[in-house]
Each structure stands twice: as structure tokens, then as C-alpha cells.
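Next, two complexes with chain A in common: one pairs it with chain B, the other with chain C.
Entry: the complex of A and B
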């Protein structure tokens, strides 16, 4: 039994650095030769699941299917290391948006929460003002835009406005934005909402490069920045105390060829005090108690009416799957009667007008 | 329903509250709280796996998981305590007043002529058909919400099902469960031929099973092996069934099926030897503890004395079943018996073939369908559907259902049905024309197929030009047309069992049979891929560049010519003359 006063104090400690963690991971590239973008996304997805965030709190968007693509020599697998060492697709993956559903509009709707009412829960970002959100984008990009599905773009202005909407609607506590595309730093230049931290794999004017091809699969497997990011994340476990300053050091120019950048001026806390697991993991603080708590008394089950053996119930039967005679003699459906539409009415009016013009109005009384 | 195994979990009992723990700020009853075990409707779970070696060297494995529950979703009382039946599907049934739900996800196409008939047919891509209860007032709105909810449950893009690919068949797809009224206003059918099936669809499907993928037959479902196959299909079927042989009351049945065909060369490495470990990379160690029956059936009809292949470990249990119009013999492994697993505590059946010559031909499937697009160019074309009747002397009727998207404009006056070169008039035609961007074409015909013949249905069409925002991001791939559905009552070789509630293996009791001389079969043709005239999407950029260049060069030059004035200018003098002019200026003399 926990007294009320103590629970309030504990609550203050719980909510100290963001309570629930929801996040979205997106990959925006189509076609088989963009295999590495899907591998990037899935490796980040895998790390985050390993650190404790459940599938119900992840919105995973993959713009094309690589695992079961007919060009994949090993179906249902997506590898991140050459020689097929690590299958990041795994056996327990839930993709929320796939294929043609990954569009700029859907992405912005997920972020701002303005989805049609029948959208299922797994496709919504159900964050509140105590959620820390991690957004990871990868694909092809340029100075100020990111390409979606090879046919549309999202600009950095749109993205900054979407984050401002999220801030106004209290949809996040703190947000970490990671982007691995060419000229990625241009995407976070326009942010203006508080509590945003951003990382990019390359500066404006630089290209992000891919890491290594695999000769059996025939495409490049990962991008350099995410490859070293994955290596860094593999060392993190739910109790580790690594902070963001170590994340900024991932993939220096010697390994990445491009210069990764980051932006922390909008973030209220000092990056050195922010733990990696605040964004990448879902660490719950648990207090164990030995006291029993009484739940409400169980509901008395209302007994079903006793089955009356004498009651004649109709015998059910299975339906005939192909009742030929019934089908042949099926009456055609009575078509609903529609009032005549404008064309017919106009035509008849014209005919009547011409008639009365020709023969004079005095004949009218003979007709009616 | 037969005898249950004794191994069932007991309902947990609510503990009596200890006297001293009543909280001070809540009302307590003075009498000690009584133990109340609520009376639960009975539910039952069965699982089975059927393995059928195919004549081409491939092997066909079919899993079926069946949960039967005697509850009433439609009654006034809200169902809140779920045990074996998955809660997500139960809530879908009660919220959307669903009478029957059939959804399937398939990768690959079933080759009837090489593999025979499947136990449960399914078209490539995703297919969903639902019968609603007759209490539903707005069927279209409920259908839209249902597809969205199912897309979340199965991680599939079912939200792309809308009025442009939904039809209301008038005679096909009669309910497979019990019922009296079949008003087709409450039926909706949609198919997404482009839908991809991958691990993300298998994961939530496995989570619907009572034992998940932890025990029983579901441990064999490893996605790396299942998707490396020629054919993979997973489906969920929900329908009301008879509770007992009297059929006075109904219970809800949920069947989850998974059919897979492993290829001899890609999965079998060319060697004609199949085992559970080779097919699934796992062996079985126990049955699902929540299952009342857990069996494996191996089709040994072509192997009565063991002359074709050798099956190990040997099993004494044999069972005969009438399925797909034929009496087949099966070797049965009962996983609820501990003896099945032997001393190694694991079961890995092995089928090893002996010499590979002199095999008898498999029985030719009596009904077979094909479809293709004929014609040339990007304006017109012709759809040909062929239906083969391989029975030597019996004719039987088939119901053909065709759903064609609105952007292929069918010319129904060119519809011809010919058998053996002569015109074959269908005895029933239902055609609903399409409406641009609203609904697709629906064509249903009841055609009598003469014995030993090919019936060809042809219809011409014209391709429409879409608005440029309606094209997919990769329009040069083409646009899919869903499979045609051929439903037929095929004459059977042996008498079918019409007693539907007898204890039968699951794979033989899916389609109810009303008469003994024929069985119901549904086959799907190939989906079509047609190219629509695709605009060049880079043209807007090119046009802007060209127009701006022409305007700048043409207009600019013309404007300059019209508005510029010209003046004559003295040429500047040479260097010597300029020096001389400077000296003369200094001297005060006029320049040269």
C-alpha cells in the first residue's frame, strides 16, 4: 500500500527527464539500388528495439520492400555488414507504413497528428508533452530538401514548420533529429522551435557516402555515417551513461569523408547531461514494493438463462456454394428510380417550346 | 466435438482477500469475499500440418490452426474475457458486425497443372472479402473503417482498398459459414494484386496464435525459409459454424492457414529428399499445450508399399480422408503423444526418394484457368480468359468473376464466349459498368463448360489516360489487374462426405459439401500487368526551360530592336595621332 504523499514525490523523480518515448524512423527511397537506405533505417530500428522501445511506440516507414524483393538472393533478410554477418531485418519486425504509403503528406500527418479518424493506433504517433521523440531520416537529399519515393520532396522549411506545430500542440518534450543524406545539415538550418537537437551526416555542399558493397547481393549495404552510428549504438546498453557529446563524435572526417554536423542551440539542457538512452532507449524507473494492494471486489457473474431443451430453435445449415438454378433465375436487381437529369429535361423543354411556337399557344387547351 | 485431451490449463482462481488488508478509504463488505469463477464459453484449439509431395519434386506444406469459441459476439453482452481467441480479431468482429471475414496474403502464383489443387486457394497479393450482418446500415462506411483497422493489425497497405477496387459480387462468394439469408448487399470483395508479403505480415499473424511462435507447429515458421519458396500464402478465415451435429446453435471459428511450396532446386538443392529441418530449419519438440489436437499428416497415397519414397521415423497411424474429390491416405504423427518424439525428444520427419524413374502421373486437375492480355500498342488491348475442363465426359457449370479497374475501359459488346470453336452463351450474366474514379467493372457469368474442352472468354478494352497526380511513383512498372475468380462444382471421383460436423482433419473440412457427387473448388487466374500510356514526367521542367529561353531570346531581341536608337560614332584615333593631339593641345593648336 503506497500512501499518497510518497507517490507524489516519486512522480517528480519519474518525470524528471521525459517519461514515455515514442519515435519514428523513416526511409524514403525506392528501388533496389537504394538497399542501403533501408538497411540504415532497419539498423537504427533494431538498436532502438534492443534498448527497450516497444513496437507500439515505433512508427517505421519503409518506402520499398528490399527483404522480399525478387532481386534479393536471400529473401526475408536485409544485411548491414558484408559477408552477410548481421541480418537487421530479423524475425520480429512491424512496418507501419510501407510502399506507396510513404509520402510527404503521410509523414507530416504522422508528425502533427492530423490523421483521418479511422487510422489504426500503430500508424499514429501518440506522443504527449512528456515524450522524447527520435526521428531518423535517410535517403537522397540536396540543399534544403529530401527526396521521397523518387517523385516528391520535403523542404527544410516544411519540416521546421511541422516541428513548430508539434511544439504548439505539446506533442514532444525533447526531439532528436538525425538525418543521413547528402548535404544533410541544410535540413536542420531552419528549425526554430525549442528543445530540438539535430545531427546530420554531412555539411552543405558535401555528399554522404556509402560504406561497402556486397558482391553477392550486388548493392551497397550501408551508408558510412549510419554504419559507425550502429557500431557506437551496439556498445550502449540500457544502463549506460554515455551522453550526447559522445554521439557528436561519431564518424569523424577520417572515417566518413564528409563532415558530420550537429545543432544544439535550441536545446534547453546541456548536451553533456543528456543520456543516449533518453532518446534511443526506453528506460523505465521501477520501484519494487512488497505490500499488497486490494483491488475492487470481483464482479458477480450474471448466470446465463438456462438452456430450455423444449425451446424449438431453428436448425442452421451451410449455404450452397454454387446454387446454379437459383443463380439462373435470379431476378435482375430493381434499379433505383432516378429523376430525369438535366439533359433530358432540357431536351423535352426544347421540344415543347418549338411545338408551341410553331402551332401557337391556343392549342394548349386541346392538349390538357 | 469429440474427446478433449486432458492437458488443458485450469482457470486461475481468484484468491480470497486476507482479512487485515482492507483499505481504510474504501467500502468493504463484512463477509469474506467469495471465490467466483465466471462461467466461460468453451473454446478449443487444434493445429495440423499436411505435407504433400508434388510430382515435380517440390513439396507442399499446409498449416492450419483452428480456434472454435462458443461465444456470441452479436448478443447484448460485451465479450471481455478472451482466452484462446485473439482479442484484436474479436473486437473487430463485434465492432464492425462482421458475419464472415476472409483475408489472405499471397506471394507467388499457384501452378495448378504442375502442383494439383491447393487445399485453400488464394490469389497473388492481398484479398479481402467480408459478409456483414444484416443489422449494418452503412455497409460502405463500415467497410472503409474495417480495411483501415485490418491494415494496422496485419501491417499491410489495406487502406488502399477503397471504392475504386471494391466490388459487390452478385452470385460468387456465398458465405462459407452457416446462415440462411444471402443478400449480396452485405458482401464486399476487394483485391490488391500488388501487395507484397514479407516478415512484417507474418509477425502479427503469428502473434494471433494462442501459443504464438513458441510451441507447437508454429515454431517451424521461420521467415527466412518460408519466403524462400515458390509459393507462400497466409490467410485468416473467420466464420460461424455449427456447434454440434444437430446444428441448433452456432460458434465462431477462426482458421489461420499458411500454405507454402518449397522448390526442389532453390530450397532442396536439387536433391529429392525432404525433412522438416531442410524445409523449416527447425524440428518439433512439443505440441502446443493449449491445443486439443496437434497432428502432422503426410500424403502417402502414391506410396502404399513404400516403393517411391521412404518415410522415417515410421508411424503406425494411418488415416484416410476424402479431399478435393479424391480419397487420399495419410501417415499421421500425433504430437500430443510423447512417444512421437522418440528418445531424442525431437521430431524430424524425413522423406527420402528412391530411384526417380517410372513415376505415375498425378491425376490431372479437372479445372484449370489462364488469363493473358493480347494486342499491341498503348491504346487498345484484349483480355483472354481460358478455362479448361479436363473431365472426359462430364460437363459442369462455372461462375467467372472478373474485376477490371476503371482505367481499362471494357467494350462489353465485344464480349465473346467460345467453346470448341462454337459460341457458348452464358446462362447468367451480371455486368456492372465502371464509373471513372469511382468504381471498377464487375462481370459475372455462369458458363457451362463442355467436357474435355477449352472455353475462351475475350473482351476488348481501351486504356485511359490518367491525371498526372494519379500515377504511382514508378508508373513504368505497369498497372495490375486483379485475378479472375472461377468458382465451380467439380464432379468428384469418390463420394464426398456431406456430414459436416463429424470429426475430420481440418484440411478436408473447409469447404462445406452439400452433395456427394461434386465438390466446390475456387481457382484464381494470373493477375495481369498492363502498361498505361505514361506521360514523360520530366516534361514540365523541359517545357519551362524551353519556353523561358524562347521568350527571353525572341522577345528580348525584338524589344531591343524596336526601342534602341542608333548614333554614329567616330572611331577612336590611333596611338600616334593621340600623342600628337596631346602635344598640340599643350601648344594651344587645334587637334588633327
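Entry: the complex of A and C
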């Protein structure tokens, strides 16, 4: 019968994957020489935004000290391709945790939801049991740990426990974990919660290598695995049907030097049936609204509160907060004379002593 | 002299060792132990095995002409029926239907004499108000003209239903046979008006992973928002073309008149906060195609999924609360792309011109090209007809909140939901599934929290967490008891308290498991502190022991 078929069709749309919304959490390290980690994260952030996940559903944790670093020859930019082809920083990056807020503690708090009540919405992971979450971590790592901000570590046991707590509270439907560090595969060894899929850029004992240095900026711009991952993602658009098996083939040993690994034994669905856009994009399920309600009662006007003329038109006056004219016409400040630095003094004393030691004190009168 | 000194030395060493062992070790133990307040673990473990009993009060009223005089003698009569289900090894359900059979009073007979079923329903309601969670079924004779020919059951706006008795059932049967015959029909009515087994198992999805069998219930469970203490509703008017259209919508009165009654009725279930906004130059993310046969632009069903994302980035939300947000967007197409129609999968025009996304909200396209006169002058002032818009949004709101019930069985007629937008029995349905969902979620939360705290010995359990846990346990026990007694309103209230307390306890910021101390790290910390102190003590004790042994040997040698 007609109604039966329609409901089956409707359910057929849902049945592809059981999720209704998507989230992404990305994380990286600080310091200028870790430029490539920031470029990695920002490139993944851009791809995910391009494929549809809105900023309200992305938790981006960045040290955010690259773009305006003193050593950046092109301020306010972070490039991901040499010859400065692609500026991944742009002007609509929404960083949720920056600088000193990027700590292991905050990362685990975001994952498990144990944030203080004053935390705003944009800093929370408000996922439910029908959310697919993508987690991308990059930085320096070792066997069983990942370095956060080059000063703290998160171990694979802590990460596995955090995921288990997320599962207990049904904070995800499916979770894709991508890690691009040295010995990355060790980070997913300890997972034990269901519906987790993990990808790593290198196996235990191998190092993940960086891709290409840029001579003008002076540092490496991207890591190899993420570079080829992004090339792969460039071909994905919101309606594409590429599945996870293709993602596993990204960056073979010939290109990456390290051997990427993946883990799917905890995942309930077959990876071949999982679309890339299930995690990287945000394709919403949609149903046509078939029924409406017939509203016939007339609309009663809401009584407006009496409008006082004075209340409405308050005159606003502003204090002159920036006396620009004064600043422009200021005389330059007198630079006080300071005696020379201790170091310079010490250096000169040393030179003098050596001189007199060698040539004798009698030459002193030649100096003074 | 030397002996005295040695004696003093030995005493000193012994005294120091005594102080270290008797005073030092307990002091170190107490100062380094983590504070863990007491938790009612046994009660939590009891709750882990959930045994829910849902009691429904059913009243079956026989109108005149349905019972023979001898059958009538046996009435009033009360029966109790139990239905047991074992969902999994930890969860057991029992549905208890307490059915009271009686004959109709004179006033009820008068009410049933009304010309139509809707009027009868209204006058029956004025007579008495059934409590929350109960169902009243009026059995009317075969020949009654209240219901049309093919209709056997009429479900009213409150908590009453009218059931037409079949002709062959009445003559020459005992009351028992009659009741046994009515039984399956009444069961059907109850499944529609109270709850069905699939509804309850769907509500238990937190505890029990839903079996992939029933696709329709999967779609239903994915569509509705999960139970939450509050929701935020945002109405947005999208005007991509302010140069052509100056839109006016009286959202305040529309919300007050149409949406607020529904939300007031849903007040026992959740709190709602409403806001509205107008967005200018907000385009849909998809280019509509021009269909010359209709001379209009169309959006196909497949492209609808990509419409939401570009707009969502601009919608914004209330930063202060973490409640789920329901977005309702009203899109007025720009003058160049008017009129815009939505097509379903069969390329048919959709009557409501609207679509919704599970757990997100709904979008309606409102065409204004009809308002253009013969000579339109842009920008045009346009007043949006809020009744039509709110009719669609209200329907979508009901779907998203989980109010819509499954398809009704054949021969059933359901009354329209009335001015509040929600029938009483629909509210009851929602309350049953919300209560069960809250109880299930709170029990899983509290049991997993107890497990977590048990496994990780290093986490500090503050007093406030212990208090929240205790209050969760109390509220859960009360909720289960009220469900057994059949008091749905109280059960929902206690289940809401239980959920709030359990969430507060589970998500307390102090419970962060960062305290992963492997044993070798513990040794690395304590050895530099204690080893230098213990070495002289141990050595002196050993020295004393060896001296004592030597003296004993000398004494023995002297004796020999």
C-alpha cells in the first residue's frame, strides 16, 4: 500500500547511516618550528568547513601563534603549499581554544563534557547519540603518547578511557580518529569502545615525515600524510559517494615513507559502506513535511507596552576615548641615556685584561 | 662508657624507627589518600537491573444498548492484566492494565446522544476530567449514529475514545465472552493512546542498543530530540532580497497565539525559550532549477539536504545555554526566483512547501509573487500570513518533539488536535516515553559513574557529587514507584529530577581522570624521598640485630 512504501522509502534514507549531525575536534602544537602542524590542522579545518560542517559544530584547538609570529615573513597568513599558493588562515577561522587554553586537560574536558558551567556554547562538544565525530590530532608523538603544545603529553590509555566515557554517555554515534604524528599507530592500540575507526600516519617505530620546506618562510609547511590526505579530500564534494576504503589507501609507502595504518575492528559497519562525507561533511537528512495543522483562530495583537518617547530616544554621548589629534602631534619621547649593557661591559673588560696580561701593565698609560 | 653510648645509640635508633613506623607511615597514608565521599553503591547496583512496571488505569463504560440485562448485572467489574517483556538480561518490563468496567451514567448517556462524535467528545469532557495517564473507552451500540459506517473507533481530543461494538457480539453471550471479545480492540486503542511496546523499547535505547529490525521506529527515534530539561526554539525570517521585498511578520502575536498554547501544555515535559530573528541577504545554498511546465522554480528533494548548511553558519544561537536548539526558517525567495516550489521524490509539488531535518528544525518556503499587483513597485511591503506559516511550523514542531504517533490501525479516526495543537492523550504518550527514557538514561548514567569511580582509585569524590548521586538514587526509586502506582505526572517529575541530578554528578568538572599514575612513576616519586631516610634506620637496626646475635653467641660460648 502507498503509505507503507513511503515510510520504507523514508526509512531507507535514514538507514544508510544512523547519524543526524556531525562534529569535528582538531588539535595541534605550538612554536614556530611546528608551523607544519598548525598548517595541517588548518587545512583539515578548511576541508571540513568546505564540505559543510558549520563553525558551531567544530571545536578547533590551536596555539594560534603562527600567523602573527615575529618570524612570519608574511604576517596574518599560514600557508600550506610552497610558493605560498594557499593561505589556510584566511579571515574566517574560528579558533575555540587558543594559546594556553590548549591543554590535555581541556581536550579531555571537551571530549567528556566535564566543563565548568560557565563555558560558552562554542567551546563545548554538544554531541548526542546520533552524532558522527571526527577527531584530528597532529604534533609530535611517540610510542603511546602525543605531545600537546610541546610541553604536555596525552597517553593512549587516557585517550581510550576518554572515548569509553563518551560511549557510556552516548556522546557519539560513530567516531573517526585521525592522527598524524610519529608512531601514530600506538595511539589507537588501546581503544576498546565500539564504533571507533582510527587512521594513523605511521606505525610504531616509524617516523612521520614532513613534506616540503618553503625557502621564503624557512620551515616545513605540511606533513606528508596530511598533504596527501588533503589532496584526496580536494576531490570530495558534499554529494560524493567515495567510501572509507579509498581513504585507507591514501599515502602509500612510496609517497609517505612511513606506513599509514588503520583500525576498523571496533567499527560496526563495513568500512566500504561508510561515506567520506559521513565524517568530513555534514549532509543533513531531510524529510518533506507532509502534514500541516489548520489554524483558524484569528491572531490577537499582543498588547504593546506603552512606548515612552523618552525611553525610546535616549541621547547617547560618548566620552572622547581616543584623542587622536593629541597622539598624532605628540613630540617624540626623549630617549634617556643608559649606560652600556652588562654584557658589553664584561666583554670589554675581558679584552682589556687579556691585552694587559699579554703586553704588560706599563702600556696602561698609553690608553688613559 | 662505650657500652652506655652504644646503648643510647641503640635506643635512639629504636625510637626513631618506632616514630617512623607508628606515626610517620599512618600520617603519610592519611595525607596522600584522596578524599572519596561515600556513595550508595549497593542501591546503584540494584538500579542497574531495571524492572519497570507501567500501570495504566483504563475505564470501559458501556452505553445503553450494548449490554443485555443479565450482562449488566455483573457490572461494575475490575480486572487486572499483566504483560511481561524481557528486553535484555538487565531490563524487564511489565505493563499492568487495570480495567474497570461500568455502565454509563445518565449524564454520559445524554452526552453520547449528540449528533457528531466531536460534540459528544466535548460534552463528555465537561462531565469529568480523567487523570493523567488514564484512558476512558465508551462502548457504543452497533446502531449508533455517532460514528460513520466504516469507522469503528473514534479517538477524541482528551483521553476518551468511542468504540463501536460489533453486532454479533451482543446476543446470547456471557459477560466474560463479551469482554474477551472486546479485549483485542481495547488493546489496540491503548496502544494508540498510551504506549506500545515498540515505543517503550525505543525510549530505552540508552540502555538497550536498538535492534536493527524495525526501520520505521529507527526513523522515528532519529527524528525526535532526546529528552532534555529545556529546548530553545528560534524562528528566523530569511529575506535574500530586501531591495524587492519589505517583509513584515507579526511573530510576537503569532507565537503567543499559536505556539505558546502548545508549549504551555508541554510545560511538565520541558521548558522552552523562544526567540526570533530576521536575516537579510541570506541565500539558500542550492540554485533552484526553472521548470517551464510550471513556470516556476523548483527545488528537488535530493538537493534539499544541501540547503541547510550554508544558512546554518549564519543562524547563531544563545551562547549561555547548552539546550538543544530547534530552528524554524521561513524563506521568502527573491523576486528573480519566485515562485519557488519544493518537489518530493516523485517530482510532485509539496503542499506545505516545507521540509524538516531530524533533530534540527524545519524550513518553509513562502512565495510572495501573488502579492504583486499588476504594476509592482519595488520594494514592496508584504505582510506574511502567520496562520499559514505557523500551521506548518507547528506540525514540524510536533514531529521534532516526538509527539506524532505511529500510523493508526484501520477503522480508527483520530480527532484533530484542537487549539492547543496537542491532544491530551498525545501528551500522555509523550510523557510515558519521556519518563521511561529519563529513568533509563539516569540509571545508565549513575551506574557507569559508579563503575568509573570504582575503577579509578585516584579520583577525588567530593561531597556535592555524593549528594547528587544520593538524590538521583532517591528520585529514581520514587519515579519507579510512581510508575507502578500509575501516577504519570509525578513519575515524570521525579524522573526529571533524577536526570538533572545524575547529569550534574556525571559531568561535574572535578571528576576529570587525568590521574593516570603508572606504578613506575609512583616509585620514581617516592624513592628519592624515603630511601635516604630509611637507609640509616634500617642499617642501624640491622647493626643492632647483628650485635645482639653476637652477644648471644658470646654468652653461649661463655656458658659452655
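What we mean here is this: the second predicted complex is superposed on the first by the 259 of 368 C-alpha atoms of A that agree within 3 Å, B and C clash if a C-alpha of one lies under 4 Å from a C-alpha of the other, contacts with A are read in each partner's own complex, and residues count from 1 in each chain.
Quick note on the criterion: a contact is a pair of C-beta atoms (placed from the backbone, for glycine too) under 8 Å apart; a residue touches a chain by one contact, two chains touch by 3 or more.
None of these values were measured; they are calculated from a predicted model.
Enquirer: In the overlaid three-chain picture, which partner chain does A:93 touch, first (chain B) or second (chain C), both, or neither?
Expert: A:93 sits against chain B, while chain C stays out of touch.
Enquirer: State whether A:238 touches chain B only (first), chain C only (second), both chains, or neither.
Expert: In the superposition, A:238 touches chain C alone.
Enquirer: Have a look at where A:129 lands relative to chain B and chain C in the superposition and call it first, second, both or neither.
Expert: second
Enquirer: Touch check for A:278: first (chain B), second (chain C), both, or neither?
Expert: Once the two structures are laid over each other on A, A:278 reaches no partner at all.
Enquirer: Can A:67 be said to touch chain B (first), chain C (second), both, or neither?
Expert: Touch partner of A:67: chain B, not chain C.
Enquirer: Should A:56 be classified as contacting the first partner (chain B), the second (chain C), both, or neither?
Expert: In the superposition, A:56 touches chain C alone.
Enquirer: First (chain B), second (chain C), both or neither: which does A:223 touch?
Expert: A:223 sits against neither chain B nor chain C.
Enquirer: Which partner does A:121 reach: the first (chain B), the second (chain C), both, or neither?
Expert: both
Enquirer: Does chain B (first) or chain C (second) touch A:165, or do both, or does neither?
Expert: After superposing on A, A:165 lies in contact with chain C but is clear of chain B.
Enquirer: Once the two structures are superposed, pull the chain A residues common to the chain B and chain C interfaces.
Expert: Residues 116, 120-122, 292-294, 296-297, 299-301 of chain A touch both chain B and chain C.
Enquirer: Can you check the complex and tell me which residues of chain A touch chain C?
Expert: On the chain A side, the touching residues are 3, 7-12, 14-15, 18, 20-21, 52-56, 104-105, 108-109, 112-116, 120-122, 124, 126, 128-130, 155, 157-158, 161-162, 165, 168-170, 238-239, 282-297, 299-302.
Enquirer: Within the complex, which stretch of chain C touches chain A?
Expert: For chain C paired with chain A, touching residues are 205-206, 215-216, 218-219, 222-223, 226, 250, 252-254, 256-258, 301, 304-306, 308-309, 312-313, 317-322, 324, 342, 344-345, 350-352, 354-360, 362, 364, 386-388, 390-392, 394-396, 398-399, 407, 416-417, 419, 421, 444-445, 448, 452, 506-509, 511-514, 516.
Enquirer: Name, in rising order, each residue of chain A that touches chain B in their complex.
Expert: Within the complex, chain A touches chain B at residues 1, 30-31, 65, 67-68, 74-77, 87, 89-96, 98-101, 116, 118-123, 149-152, 292-294, 296-301, 303-304, 313-324, 327-328, 330, 333.
Enquirer: Of all residues in chain B, which touch chain A in the complex?
Expert: So the residues of chain B touching chain A come out as 14, 17-18, 21-23, 26, 29, 33, 36, 38-39, 107, 144-145, 148-149, 151-153, 155-157, 159-160, 170-171, 174-180, 182, 196-200, 203-204, 222-224, 226-228, 242, 246-250, 397, 399, 427-428, 446, 472-474, 487-489, 500, 511-512, 514, 520, 537.
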